[in-house]
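Down below is the structure, laid out as structure tokens.
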Amino acid sequence: MPEARNTSPEIGDMDRALERIVFFSDAVMAIAITLLTIDLRVPEMTREVAALHLTSELSAMMPQFVSFGISFMLIGIYWMAHLRMFRYIKRYDPGLIVLNLLFLSCIALLPFSSYLVGSYNFLTAPNVLYAGNAAAVGLTISAVWWYASHKHRLIDQRLSPTLIHGVTLSWLAPPMSFLLSIPIAFIDPTSTSVVWWILPAGTTLLARLIARRW
Amino acid sequence: MPEARNTSPEIGDMDRALERIVFFSDAVMAIAITLLTIDLRVPEMTREVAALHLTSELSAMMPQFVSFGISFMLIGIYWMAHLRMFRYIKRYDPGLIVLNLLFLSCIALLPFSSYLVGSYNFLTAPNVLYAGNAAAVGLTISAVWWYASHKHRLIDQRLSPTLIHGVTLSWLAPPMSFLLSIPIAFIDPTSTSVVWWILPAGTTLLARLIARRW
Amino acid sequence: MPEARNTSPEIGDMDRALERIVFFSDAVMAIAITLLTIDLRVPEMTREVAALHLTSELSAMMPQFVSFGISFMLIGIYWMAHLRMFRYIKRYDPGLIVLNLLFLSCIALLPFSSYLVGSYNFLTAPNVLYAGNAAAVGLTISAVWWYASHKHRLIDQRLSPTLIHGVTLSWLAPPMSFLLSIPIAFIDPTSTSVVWWILPAGTTLLARLIARRW
Amino acid sequence: MPEARNTSPEIGDMDRALERIVFFSDAVMAIAITLLTIDLRVPEMTREVAALHLTSELSAMMPQFVSFGISFMLIGIYWMAHLRMFRYIKRYDPGLIVLNLLFLSCIALLPFSSYLVGSYNFLTAPNVLYAGNAAAVGLTISAVWWYASHKHRLIDQRLSPTLIHGVTLSWLAPPMSFLLSIPIAFIDPTSTSVVWWILPAGTTLLARLIARRW
């Protein structure tokens, strides 16, 4: 059925569609990273009240800024991971798109979780929710890589299997460390975010070491 | 009047303008899909009130998360449809742009409808409004395809008419199922969203089957 | 000084920078058009209050939806104008960027003006403000075109001067009609938006007729 | 180790990844510049209250519009700087991405600082915060340039060292002038923004003069 083959889009179209996937992902990540600040807001005050209380209101927002910093770093790191990953992905199929959308839905929820933990960092629930959300981001992007690299399904044929496995493991490290921080949220909620600064940084370093050999 | 022909942009410009249309559409869809979470918010509470009530406030938001999930899936599916459709569209004219903008205006309204049905899923009006909005998204994208493919107006000349019709029909299936869910909103509002999870999935599967032969 | 010439970016870089300008403009317009819905919101109500009053709250939002429709149409039309215009612009300089940013700042203000006139369409001030904003959008994009086309500064050398002037005039028509609607806002505020539906449509049609000869 | 070389992405991939960095930056800047208007909002009023007080509410928003104007100009200028800078950057490495993300995080905070200073321009703290944020934007983008241009790390090999240093200095001028405006915020807060209109304009002019020789 040569006619049917004729109706399929050319290779250039495949490239262009892959570009749209990457572009759409970049746009969602860019919006989410910028929306992190959308709920940073001081209550409306009259001139007199503001003159007296604005500085203390701003200092009370400190945990919000910490939370913004962590989340900006987090989305930034995963954007870099996505960038590196898609340099090796050469084709796409519906499976890749669906997993990528799942990853993006976790990213889209981060401004909400981030604001929640920034407002109520002294409670268990927001810390668990944030750690869960961050872990889901890491697990879904690992799923994208696993799906694309399994049996060289969508990636560059020349990548060696040992490399592929090493990378998969390195991408699993950050979500694991987020999951491990959940018990801390039950013991001392305010300390949970301290772990987030240390653990992912450590695991990212580890990931970098493996990726360098890539 | 050969001079007039000289003033028309070259083919490369046509390609670039088509790219801008696709890009603009991607941007609007990416923003709408990320804005779905913008109204996810717990009321401001003092430390003491939050310690007692935050968990229950979060559980009360469950319908909001369900609504986010459905809408994310919906925009995701239509983004994929748009991606597939524009692989075959090779030219553009004002008609295409206007219909595409109509489609995008329906997409832009989804965060509003989605939040409304998430807040008041137990009432008829929000369910009708959401189903109507989702159906409008599906009908307008079908109109884009119908317009572009009619007499091969803007698409690849080699696509067969039977294929084109099959695709049109498959794209009409999801909006039809959304319209069919409206009567349920009058009988039992809370169940309407259950139908949204099943029907579109079924029709999308059907659409996929037809599209695979594409 | 041949060395200095060596340090200037190649032609490919000029193209890429022009693409970034177009891309940035598209992104701002896409965000503004999607943010038009951001303030569409019903007041928070308890289950009982919502059961009684949600439908009437939604009907009371009718002017908001009208205002959304007008503004979506407006940004859509100017996005199309921008698309058409930049098919002919082949170079850029700081002047073009600054004028284009001025145009984008007017676009960025539209969600605010649009929401204002949607909320208080029965008053003079919001109608004047909206008409002024819409006129400013039209005047600034006309300035972009005038600047780029004057003495073929940045456009395709082969466009004829008569054509260029016709286009300039056609782009001045919509802002003129918005300015002309301002007196009506002082006599009967609620009718102002009626004029917005008719006048720009008429002038756009006129502009289309001229542009077709382009 | 020729096999390892085989697994590295080709030059085309490097270009594409660099494009994604530029694109992501453009998207964040476009979102931040459009979000500047997101908190422009009049309080909700009944018909009667609005008829009496809307005009005075709008005039009271004047400092908000001034603040919007300054911030739009600021992001616009830095977007132009980014545009010019990345015409010369030919490669990337993790260091560049991290510094660029730092720059973007400062940009993402501008809508918050801008709204704050617009609401409470008569107080010291918001003016200090805004000047600090604006200075941070300028310092981080200077860091990007310094990092990329140092020993021709990532830039075009043909740029002369004197030129590179001139550019670095010119990019340091605007943040310096913002830092210098901080003392004024302690003496007469309302005058601080006057300096912002003049000083950066002057330094930008200076920067332009140097860059022209570029």
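Should a chain be cited, it is by its letter among A, B, C and D, assigned in written order, with residues numbered from 1 in that chain.
In this section, a residue touches a chain if its C-beta (ideal position, glycine included) is under 8 Å from a C-beta of that chain, and two chains touch if they have at least 3 such contacts.
These numbers come from a predicted model, not from an experiment.
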| item | value |
| --- | --- |
| Same or different residue numbers at the chain C/chain D copy interface, by half rule | different |
| Longest centre-to-centre distance from chain D, chain (CA-based) | B |
| Rigid-body rotation angle, chain C and chain B, from Cα fit (steps of 5°) | 90 |
| CA centroid of chain A to CA centroid of chain D, Å | 24 |
| CA centroid of chain A to CA centroid of chain C, Å | 34 |
| Junction residues of chain A - those touching two or more other chains | 23, 27, 31, 35, 38 |
| Topology of the chain contact graph, where touching chains are joined (line, ring, star, complete, other) | ring |
| List of chain C residues in touch with chain D within their complex | 3, 6-7, 9, 13, 16-17, 20-21, 23-24, 27-28, 31-32, 35, 38-39, 94, 97-98, 101, 104-105, 108-109, 111-112, 115-116, 119-120, 122-123, 125-126, 129 |
| Chain D residues within the chain C interface of the complex | 22-23, 26-27, 29-31, 33-38, 40-42, 44-45, 47, 50-51, 54-55, 58, 68-69, 72, 76, 79-80, 83, 87-88, 156, 158-160, 163, 208, 214 |
